[in-house]
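Chain nomenclature is as follows: A, B and C, assigned in order of appearance, with residue numbering initiated at 1 for each chain independently.
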Amino acid sequence: MTARVGARPPRAVPRLQPRLRRRETGLLVLVGLIVVLGSVSLGVTKRQLAGQSLTWLPADGGQLAIYLGALLVAHLALVLAGRRSDQVLLPTIGLLGGISLLLMERLPQSLVTQSRAGRSFGRASIQLGWLLLAIGVIAITAIGVRSDAWLRRYKYTWAAAGIVLLLLTFLFGNETNGALLTITVGPFSGQPTELIKVVLVIFLAGYLSDFRPLLVSASMRLGPLRLPPVPYLLPMLAMWAMALGIVVIQRDLGAALLFFAVFLALVYIATNRASYVVLGLLLFVLGSVIAYQLFGTVRDRVDIWFNPFVDASGKGYQVVQSLYAFGRGGIIGTGLGAGLPLVAGRLPIPAIHTDFPFAALGEELGLIGVVAILGLYLVLIERGLRVAASAADDFRALLAAGLTLVVGVQAFIIAAGNLKLIPLTGVTLPFISYGGSSLLANGVVVGLLLALSDQGVEPPPPPRPKRGRRPAFLGGTPHGAR
Amino acid sequence: MNSRDGAPLGQGIARVGLILSLLFGLIAVGAGYWQVVRASELTRAPDNPLVIAAARDVVRGKILDRTGATLATNRKDANGEPYRVYTDRSLAPLIGYASPVYGTAGLERAYNAQLSGQGSPNSLDDLLSKLAPGAAQGDDLTLSLSLKLQEAAVKALGSDRGAVVMLDPRTGRVLAMASTPTFNANAIANPVTAVAAFNRTAAAAGQPFLDRATMGEYVPGSVFKIVTSVAALGSGAISASTTYPQQPAAEQTGLLISGFRVHDAHHDFTGSLALDYDQAIEVSCNIYFALTGLRTGGAALSDWAGRLGFGAPIPFDLPTAVSQVTNGGGSFGGGFKDDVELANAAYGQAETLVTPLQMALVAATVANNGVLMRPELVTSIGGPNGNQSIGPQALRTVMSSGVASTIGDAMGLAVESPWGRIFTTGAAVAGIPTAGKTGTAQLGGSAEPNSWFIGYAPANNPQVAIAVVVEQGGHGSARAAPIAGSLMTLWLKTLNP
Amino acid sequence: MDPYVVAIWIVRIAFLGGLYLFMFAVARLLLRDLRVATRDPGMALARLVVVGSDVSEPPRGTVFGLDAVATIGRDVNNSIVIEDDFASTEHAVLTFRGRAWYVEDLASTNGTFVNGQRVEGLSAVAYGDELQVGRVRFRFERARR
């Protein structure tokens, strides 16, 4: 099936006709106001704590202007491209990114610095740079991806690329918190798992849409479960082995959990059969038990999860401090910049900018803010799944659902980990955590979602009736016209 | 436009969306739990950075021993910020530390509010307003502890791991509470050395941060026979003259209970004599107490142990681990699994686990005519607003004074009689009648057993009760009994004559 | 209480309120989309309002609700019947395809006009456009919900 996007446009409507995106414009104006308000709140609090005179200026007007400008440029690019894509996604991402920028400005800048060309950049400046790149990636992907043929045709190539990235991480990865996460090439370093998740979803969408009929129809009985014959189960086992491999080789529990959960959800969407989910959950339990028995990292994480307060100053330190942060926040929070009391001149949670931004927001914005941020992710999920539900074919539906799930499940894993609902794993909070790989990969995800959400150019016209006849779709009675 | 076959995907997508929404709702509920339900508790936790930051400028109250000797005080660093200084490292596991980086532990944590001058903080605002600059002076704590006795206890344990608890059975006041290995609390309290010292101590062998006296859980071995005695005599299951006709013969091959054999090591001395209660305590007869345990029954044993403090945290100035007779959940009565477990528990093996503090209370209750006193460490809290004394408090009468004196007499014989001296070497305080019981807790495998002693002195007018455990110290009489003898001698003859 | 502190708290709470304002705005859009998606099949998709009429039927001010396919003409079987000699029996058809509306002239004698331009075969119409069939002028409008 040829993608509709790639089809020749009908001559009735020209291709590159700008289309106003009023909803997006309105929401972006709102985002701008909110972020400026947040920045004013942060600026006043900072000056108050530093004992300076109170002025109602934003914390860092320059950075703020650059960021909002970038959002505006992306918006204008979408308008000029004239595609009929979703109008809620960009403002939602813009707001999440704005919150991220406020959070990074709020943290001590000295903790992450890079020197380039004689200038040193603080944490917020670097994050701003990544945010700008991510917005660029979103706009370019949303406008540039017009055909999904190259995505669906080379699915095994994508799978191979994912495995190669995984192997590279294994061979050349640096260790962070006991996990092999980052690869360094020259001056650049990145976390390949962030890219792998995108590639993996593309492969799965291709694979599942091709083999969907087989997965649904054939069946074999195994106790109360109706399963397809063994050959069709192999991908599930392979996926399970890959997730376990990530745990074994990389010690990266978060990525393994994310991949497996997204895989199971996609299989369920494709087949609509609960037996796969049951089987998958059984495999998950089996894998968890094996991992718990064999690996100290896994055991530690689970033990900390059960009771972090037992070793509150040792292994449980970060989780306990995270819970303290939530506790200090209470319902309305301390206000941006007023939380996170320093301990001996340092932040209470060392990895706050990557692994615990949700705890920081929980403290400074309170329960009210936490619920709002969860709501923003739900908006993202709702939009993505709607794109999936109204997609033109299975591949696009599964791709859109998979991309949405990758972001949504990842947000769930880290937010629930911060709150001790599940064991803590080191994945980033999408669009808020500090870090380039995460922002760029999630930018690609949102860009693809925007591209997939395109309603296409104006629908093709109804079949042209012959002169003097009723159109065929009205029944084609051979009535004469006047 | 959907695929050539199969239903549209919409249903699955909608369900997945619903599940994700529910999961996010769960996060919101979790956030509500920590941010509203548990918020005030979390915010008052002593190692919360907010509390540490607020307490940094407070001059903490001093901690003094019973004679007024300083155990903990303060110095100021180069910036004029006060930090904690401790007199002796023998106190470290008990008193803990107050560190600018790591918050508080031990007694410093339990009495953090008083020591940092906050009374009992009811709300965060209260706490913060009281910590306004200039107004900060904490209350002093006076302990019933004797610094010299504490130092001697730690010295007696030497390089072994173990614990000593000494208390006055009449009041429950703690005289010494030692746990080894100890650590350097000064280094953790000093802002300059805190991080290195904390990490070094946390990684050190033997878990120095663990206060073994209150939190250590040990297999009791034969010292548990005193608990079995309380249950058996108190419930009337046996009397002092009870003998078991099958016992002498069983000494040769072991007593067979449902396929398990209970062994003894004393038949060289007792021959074919059917032992009565006193003699069974003197030679520490396992078979006698296995039979007694079975006759008393699991429910009664658990019940009477509960009256002595088993099965629940002991009300004390510090958190305590829970001592247990059995893991519970069994159907045999009192939570025991079967008769084998009950028989073994009756002489202190099986699933029985105790803290040294609990066993000291068992000895003290026998010494105090059957009345269990609440153990207490802090006897007064003094500050600018006057002194608040904390008096002795009886928790409950565990047994009649008759039962207590029967057990006490047997414990006296166990230390002083010819047979007893063979099994309990070195516990006696010279010139003063002493009562006690040793224990040799088998750990299984080739590990040396834990060495136990509990007792009190003088036997006719008890002034001090003691529990000693030395991890892998061998037989009870090899390590624990001599330590107990020397410490009780020091207390009764030198420190408090 | 320090007025500055009060002011700071007002800004903080305004920021939180802003987050919810955003959510509210998004939720409204989502609900509107949802209503479109789950619309009652019997409900009109768009409306034709008669803005000028030189004939008795339909008179000025009449509103027609439109289904996905609506035919206009003199024959009584049409969705919209026009009593006008200048209109053909089957004059024109309005169709909703995907997301856009089209008007198709069914080879009528006098033609169909969109904003004064005669329709050659097929033409897209947008909300607000004016449509003329015979001596009746309609305004094409979004359906009211």
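Basically, a residue touches a chain if its C-beta (ideal position, glycine included) is under 8 Å from a C-beta of that chain, and two chains touch if they have at least 3 such contacts.
Everything quoted here is computed from the prediction, not taken from an experiment.
Seen from the Cα centre of chain C, the chain whose own Cα centre is farthest off is B. A comparison of C-alpha centroids places A closest to the centre of the full protein.
Separating the CA-averaged centres of chain B and chain C is a span of 81 Å. With centres set at the average Cα position, the gap from chain A to chain C is 37 Å.
Measuring from the averaged C-alpha position of chain A to that of chain B gives a distance of 51 Å. Residue positions of chain A touching 2 or more other chains: 366, 382. Against chain A, in their complex, chain C makes its touches with residues 4, 7-9, 11-16, 18-23, 25-26, 29-30, 33, 37, 69, 71, 88-90, 93, 95, 97-100, 102, 104, 106-109, 121-122, 124.
Touching chain A in their complex are the following residues of chain B: 1-7, 9-17, 20-21, 23-24, 26-28, 30-32, 34-36, 38-43, 45, 47-50, 52-53, 100-103, 105, 191, 194, 198, 202. Here chain A touches chain B in the complex through residues 209, 212-213, 216, 265, 268-272, 312-314, 320-321, 323-324, 326-331, 340-344, 348, 362, 366-367, 370-371, 374, 377-378, 381-382, 385, 388-389, 392-394, 397-398, 401, 405, 408-409, 412, 415-416, 419-421, going by the rule given at the top.
Considering their complex, residues 12-13, 23, 26-27, 30-31, 33-34, 37-38, 40-41, 44-45, 48, 54, 84, 87-88, 91-92, 95, 332-333, 335-336, 365-366, 368-369, 372-373, 375-376, 379, 382, 386, 390, 455-456, 458-462, 464-465, 467-468, 470-471, 473-474, 479, 481-482 of chain A touch chain C.
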